[in-house]
Amino acid sequence: MTAFPNFEWVQIAYALLTLFIVINYGMVMTAVVRKIGARVGGRYGIPVWQNYVDLLKNIALRSKISHGVMYYLGPVFRLTGGVGLLMFVPTIYGSEWHQNFSYAGDLILALYFVFFGTLGMALGAGESGHPHSAIGVSRGLAQVTMAELPLALGVFALSLQYQTLDITEIVAAQQGSIFNWTVFTNPLATVAAMVAFVGTMMRSPFDVAMAPQEIPIGPPTEYHSSYLALMQTNRVLFPVAKTVIYMNLFFGGATSWAEFAIKVFCLYMISVVIGVVHPRFRVEQSIRFFLKWGLPIGVLSILVV
Amino acid sequence: MFSFKPDRSQYPAPGPDGKIEVDLETGKYLKLWHGPNHPGITGNMSVELTVCGDEVVEGKTHVGYLHRGFEKLMERRTFIQVFPIVCRVCVPEPDFNEYCYAAAVEELAGIEVPEMANWIRTLILEMGRFNSYMMAMGGISGALGLGVVGQWMTYTRDIMLDRFEELTGARIYHMFILPGGVRAHLPEGFEGRMEEVLQTAETYLADAEKLMFHSSVFKTRTQGVGVIDPALFETYGVTGPNARAGGVAKDVRKDSPYLVYDQLDFTVHTETASDIYARTLVRFKDLHETIQLIRQILKKMPKEGEVMTNLPNVLHWKIPRGETYIKGESSRGEYGYYLVTDGTGYPRRVNVRGPSYTHAMALLEHLIPGTNISDIAALMVSLHTYPPEIER
Amino acid sequence: MKDVDDKFLKNPDTEVPLREELRPRKVTTPDGQEIDIDPLRDYFCEAKPKVHPKAYSKIVEDFYNWARANSLWILGFGTGCGAIEMRPLMTPRFDAYRYGIQWRPTPRQANLLVISGYLSVKTLKRAIRAYEQMPQPKYVMGLGSCTINGGMYWDSYNTIKRLDDYLPVDMYVAGCMPRPEALLHGFMELKRVIKEGKGEGANLYAENFDQYKANQKAVIRDWDMPDYNW
Amino acid sequence: MRHILYRLKDRYHLGTPVFQRDDLCFVTVKRFELRAILTELRDVEGFTHLTLLTAVDWIEEQQFQLTYMVNNRVANLTLALRVMLDREDATGDTIHDLWPTAATYQRELREMFGITFPGSPRVDEEFILEGWTDLPPYRRDFDTLAYSQQTYNDRPGRVTHDPKTHMQKTLYADYPKGAK
Amino acid sequence: MSLRDVLSPFTAWKHVINDPVTIKDPFNRPGADRYRGFHQNDMDKCIGCGSCEEICQNAAIDMVPVEGQEAGPGDSGLRPMIDYGRCCWCALCVDVCMTGSLTMSNEYTWVDSDPDAFRFVPGVDGKSWDLEPKGYQREDTRRLTGTTRAPMGELAPEDRIGNFCEIVDGFTPEQAVIEADRCVECGLCVATCPAHMDIPDYIAKVRDGDFEGGLQLLYETNPFSQACGRICTHKCETTCAAMHEGDAIAIRWLKRAITDSVDKDRYFDLIQKPDVPETGQSVAVIGAGPAGLTTAFDLARKGHKVVVFEALDKPGGMMRYGIPEYRLPYDVLDHEISVIEAMGVEIRCNMRVGHEISMEQLAKAYDAVVLSIGLHQGRSTRVPGSDKAEAAIDLLRRITAGVEVPVPEQVAVIGGGNVAMDIARSMARLQKIKYGRVGVTVTALEDLDRFLADREEIEEAQEEGCVIYPARGPQEIVLDGETVMGLRTWKVQAIFDDQGRFAPKYDEADEMIHPAGMVVEAIGQMADISLLGEALTEKLEWNRGRIMIDSTGQTSEPWLWAAGDAVSGPDVIHAVADGHRVAVSVGKMLAAKREKVQ
């Protein structure tokens, strides 16, 4: 089943609606997650609406200093990555409205979008001229590249398993029983991909690129006001979008918003559960970690399939 | 699989004075400032790093951001007027300054301190050590991105500050140890409330232990990093937990007991690895020792007695000519006050020997070359330095 | 307290030579080109700060002010001893996060500069840079006696006495050092001021820019940074 | 402690030692012998730890006193060597090769007292102060309050009254002060 | 890497179910009970001594005059204003506070956008924490300045009663230094001292061990420092800041310590006549008491020629003839006067004006005349039989002059002032010498704690065996023919009536007869003004029996001044103050006269 041939213009509106829901969901969910993290530390944490206020505040800032076109385009690219990722992945399976622009082979595009934002950000941050940005970018890219490797392998194993590159079809194949989920049918690929998932969620132990204690705070050092607002939006959108992919690929997708909310939250929490209680790796240590654990499992999953 | 060991041969060799001539204009190196506006730095100081990729070729410590000229200010204050400002020399553990200064003045002026005051002073110092270690534990975990331990430790420190507040009347700068004694007795029911704090602390420390010393990631980050060669301890003046982490069982409290430490039982813990992990572990064990010491002091201390002697009129108090040096074991190493008097109502010279002085300057500069940028923060925190006592 | 030495006169000669790495010079780039560089001019803009007008509509401005008040991002720059109370403030005991107060490690993303106590001249220089890099509108809060009238370092040769000579200050909190509770009070007051639309320190700074610069340069004798840092 | 001093006394010019405590002694030595004594203390007598190095300004005698405090960690003894320098031409001898940390102390002394230590690493670099053009601040003839008043602004509007003169003005302004 | 190392960190998640430890309402959290928060000042206790200002190392405290607080005895009327742009809450000001008025509340929140707002006078500018009972107060006593007087040696009652030797030893220099160290130099005492001596300054000299410098300071304001160091009524000590918690500084003994510590011969080197030209003008002073001699001292040092006419055979006036030797030895007085004479003052003894020389002659011969005749006539109770009573002042004069006085075994003294004590104790000594035992009864109208005599005088009298009956009004001197048998007294219920007039009310039921062979009246003295002559008495203006003078001591006659007990104060230090005042006034007049001539 491909979505492209029977494309209708109204789907743009539907997709935007999806986007809107996802952004708001992301706003609240990240705040809730931060509250949960804070609770481990024994605090209350931010109010749930804090993300909205921060966003508004950043938009309300008066002075905007640009360092050039790329500097401006950085957050835009980054947001494009997030939006694009979401746009080309079916958010709710079987829903006419939230099918988005999913089409056969969208898995490749999705993988591309996962990386697209990071690259755009790298360009923009490099333009900002701050040494911390430059160092942060090089570290971040090195790590993300390594982290994506197991994902790529896992996804490769998956496409071999399901013989398709269409996410919708992969989701469809997992419907019916919980044991149809890839996590049970192909646990190795899932583990490989989850390693990558944890590695790219920008949480401990893999958040060295943005670590305030070392190179504060990496790529976004120079970003402020509206630029930062764009990035903030992406900060809530992108992880959700990425989680949606994982959910679709490995955890049976979602057939309703409620299921979506629960699954995304649970998946997201995996990285939080690990992140809160661990210190962060150095760049080369995390690379070594991916090479040592992620890569073999990914290769193995392909071999198993 | 990979070797990340730095290939030092590509970098210029240090000159005879230890200085490395780095030609920035080759484009190979990058100057990077750590601080003073930097969350990973221990207080308001900065390290000027020259990096090559991820690796630091050279580090220069820059201090002076907190310089208030204490030693000069003390010279124009009377002996009692110096008392409120000494504690400002070291913010996280101010009591050591108060004790060392008071003891120096008492020695030169020939004042006897009541027994009770000595016990309370010891208690205060141990409570201060507790706080300082808590800061250090929180600091090292914060520097490595383990924020949650930092939260717990700051909380425990904070409830200890409540006890401080109750006893001394202030949270941070207690200004409690006057020359001649201390200001007040323990308040009613203090022991019980202190015990609650200690128990809470022990609970949190048990959890923190799992997150730190039983965490593979933590070990990966800290073991074998920032090793101080024990041979350097003497030449670089390394004291306190930093030296104990390298197997030197030296502790002023044990070696030349002051106050009532000769009446207390405690162990001096050592490690051998002398890396960040070992230093943190020594502090961790010492923290438990401190908790035991506080319990011990509260149990053993006399219940009654004067806490303060009558001083001569402090508005024009003159102390005969002399000089002395008073030292104590702070949470960071040997802390000392060198006081010179000249028979007038003002000190001729006060010199503060903070352990951070050697740790954060010469030693840090020696340790930095060859480390990864990511480890700088952890390295600095593991040396447990407080910049205000360097520049005063 | 010793009396002041009336005969003492400070050295009026305040010329400090520029550090070598900041002097204009010729540099050979790795690819062999020879270029002139002037580190103090090359990388910085040369425009004075602007007075930014308020939003056209009062409702919008009020709404914005509400957002600004409820999203105070503190620059994590511990300038003095008061910084030690920032840690309890942001951790479980006092948890300022619940009031919308967070800290940011870079001045570009911070709106509130907390001057936590005394400022030595050396730190003042950094604080000014940090302040100027912060986006408008920005606020300054002075903690403790030292920022009000010199505090206990009133006779020190190396600390400034009045913060408002050098930066526009929106809120002072008394204490030495102020407790976290007092600090929270200060934040709440600051929120009120911002909501009332009175938190215009940045515009004040821009309006009286020459005055502030003159004051700053009077104490920072090795002024080896550009006049405008943004 | 005493026998160490006896041993040293045979070969060097030592002043009268002051035993402040059993484990703390101050003794004045000659500048040209300082290095030899320190080396011997470090290598032979076990005083391996340089506790501190600082200076005292005896402006009335036109001298700087350098205090080298060394500590024997094994025996827990502290010996402080005093070296007197001429205030006019204050130059000390660097000992950074004996103890690398001394370089830091010497940098501080250079900046705060204006005592030079030729050969010490980075000794002329700024250490704590930045752009300082005045007298070295720890010298006794530098008056910090006067400097501060001439440099910074106080908040105006403070007046104080001396109780004695205030009462004189309000209560007995017309009383002639004796035979004065 | 063991599995435990991987898994154990996750145990931290158990905290997610715990309640946060955050303080829910951090805005209303009180400080600890002894928290050093914002200052409080008890206006009633504060005396404005400025010790807090002195000790503040931040120069945060200013002493400022405030509404509603007037300067008065022992209160400067100033109150501390604290600058919270300076304060560091070290509480040294609280620790040093002489009265314990300054304390700290446990309030700690003060936020303002105006940096000039952080200044206030605690206790005056109303603040929310003014009545907060919690907060920092110093534990037990003041430790930062001494609270107890340095010990001083004195004769035990049994050793002193049999002779007229001086009782107190005075401070040794070492003791004096210790005592002087307690002084906080607030200067509140200066206003109370009639002569406004530089008390804190000379105490500072004592502290520094510079007794000679101290002596020079003393003589700047008081040529009778030796006498005052012994017998001054030391009103200064009643306003001493140190008395609020602990003993007042022994100002009088410190003064004495200065005068005692300097070698007698050194006085003439230290106190030298200033190098001023002779004016050629001359002044006559009638009466060589403290007022007259002070005037003479001052005027002589200004270059005037001064002649003092003394009716009795030795100078000193009441100091010699009114005060017993055990309090002020005569050799001290002689030395004191010799210092004054060294200024060029001529003292002519046995020259009673009105007899040997008349006022008119003096007025003619001298440019100015100063009348300082003192109060040498005793007042009488005028109760029945009082014509048989002795006047205390008269008796004292006779004892001093060496004239034999009758010493009965029992003596009753009427009066509660210092003169009453003096005569009681003098008579006690004479009794002891004569009979080996003391039999003196002192009766007075007042209650014991209202006695006009110094506290220590009363105590010493009691120690020496004098029996004191307070609140007893004399009714009759019981006579058996011509012989005095005793004194009959009634219990006093009230001395003054509702309007505050003197109208004693007695309880007649409570009657006592004090057996005595002599009754001495010591209820006050008056001046013998017969020397003025009728014409002058007519010409002068009078005020309730006293010569009326203006604030400078000048009478209604332009050439005549009056000073001392006769016109004002009751003691030596007042007389000295008078002397200074008159000397300045006379000096001005003389200067004006000189200018006219030129």
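Order as written gives the chain letters A, B, C, D and E; numbering starts at 1 within each chain.
We take it that a contact is a pair of C-beta atoms (placed from the backbone, for glycine too) under 8 Å apart; a residue touches a chain by one contact, two chains touch by 3 or more.
Keep in mind that what you see is a predicted model, and the values were worked out from it rather than measured.
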Both-way neighbours, i.e. chains that touch chain B and touch chain A: C, E
Chain D to chain E, fewest steps along touching chains: 1
Any chain in contact with chain C as well as chain E: A, B, D
Most remote chain, CA-based centroid, reference being chain A: E
Closest chain to global C-alpha mean, per-chain Cα centroids: B
Distance between chain centroids, defined by C-alpha means - chain C, chain D (Å): 35
Computed distance of Cα centres, chain D from chain B, in Å: 23
Whole-Å gap between the CA centroids of chain A and chain E: 89
Residues of chain D touching at least two other chains: 128-130, 137, 142, 144-145, 155
Touching two or more other chains - residues of chain B: 38-39, 64, 67, 69, 72-73, 75-78, 81, 84-85, 148, 151-152, 155, 173, 211, 215, 217
Shared interface positions of chain C, touching two or more other chains: 1-2, 76, 91-93, 95, 98, 105, 122, 148-150, 152, 154-158, 162, 176, 179
Contact pairs between chains, per stated definition: A-B, A-C, A-E, B-C, B-D, B-E, C-D, C-E, D-E
Residues on chain E engaged by chain B in the complex (per definition of touch): 1-2, 4-6, 8-9, 11-12, 15, 21, 31-36, 51, 54-55, 57-58, 88-92, 95-96, 136, 138-139, 143-147, 181-185, 204, 207
Contact footprint of chain E on chain C as seen in their complex: 1, 92-95, 98, 142, 145, 147-152, 154-155, 162-164, 169-176, 178-182, 184-186, 188-189, 193
Chain C-touching residues of chain D, taken from the complex the two chains share: 128-135, 137, 141-155
Chain D contact footprint on chain E (complex, rising order): 48-50, 53, 61-65, 70-72, 76-78, 83, 85, 115-116, 119, 186-188, 190-191, 195-197, 200, 219-222, 297-298, 301, 551, 577, 580-581, 583-584
In the complex, chain E residues that touch chain C: 20-23, 26-27, 29, 31, 57-60, 83-89, 108-115, 118
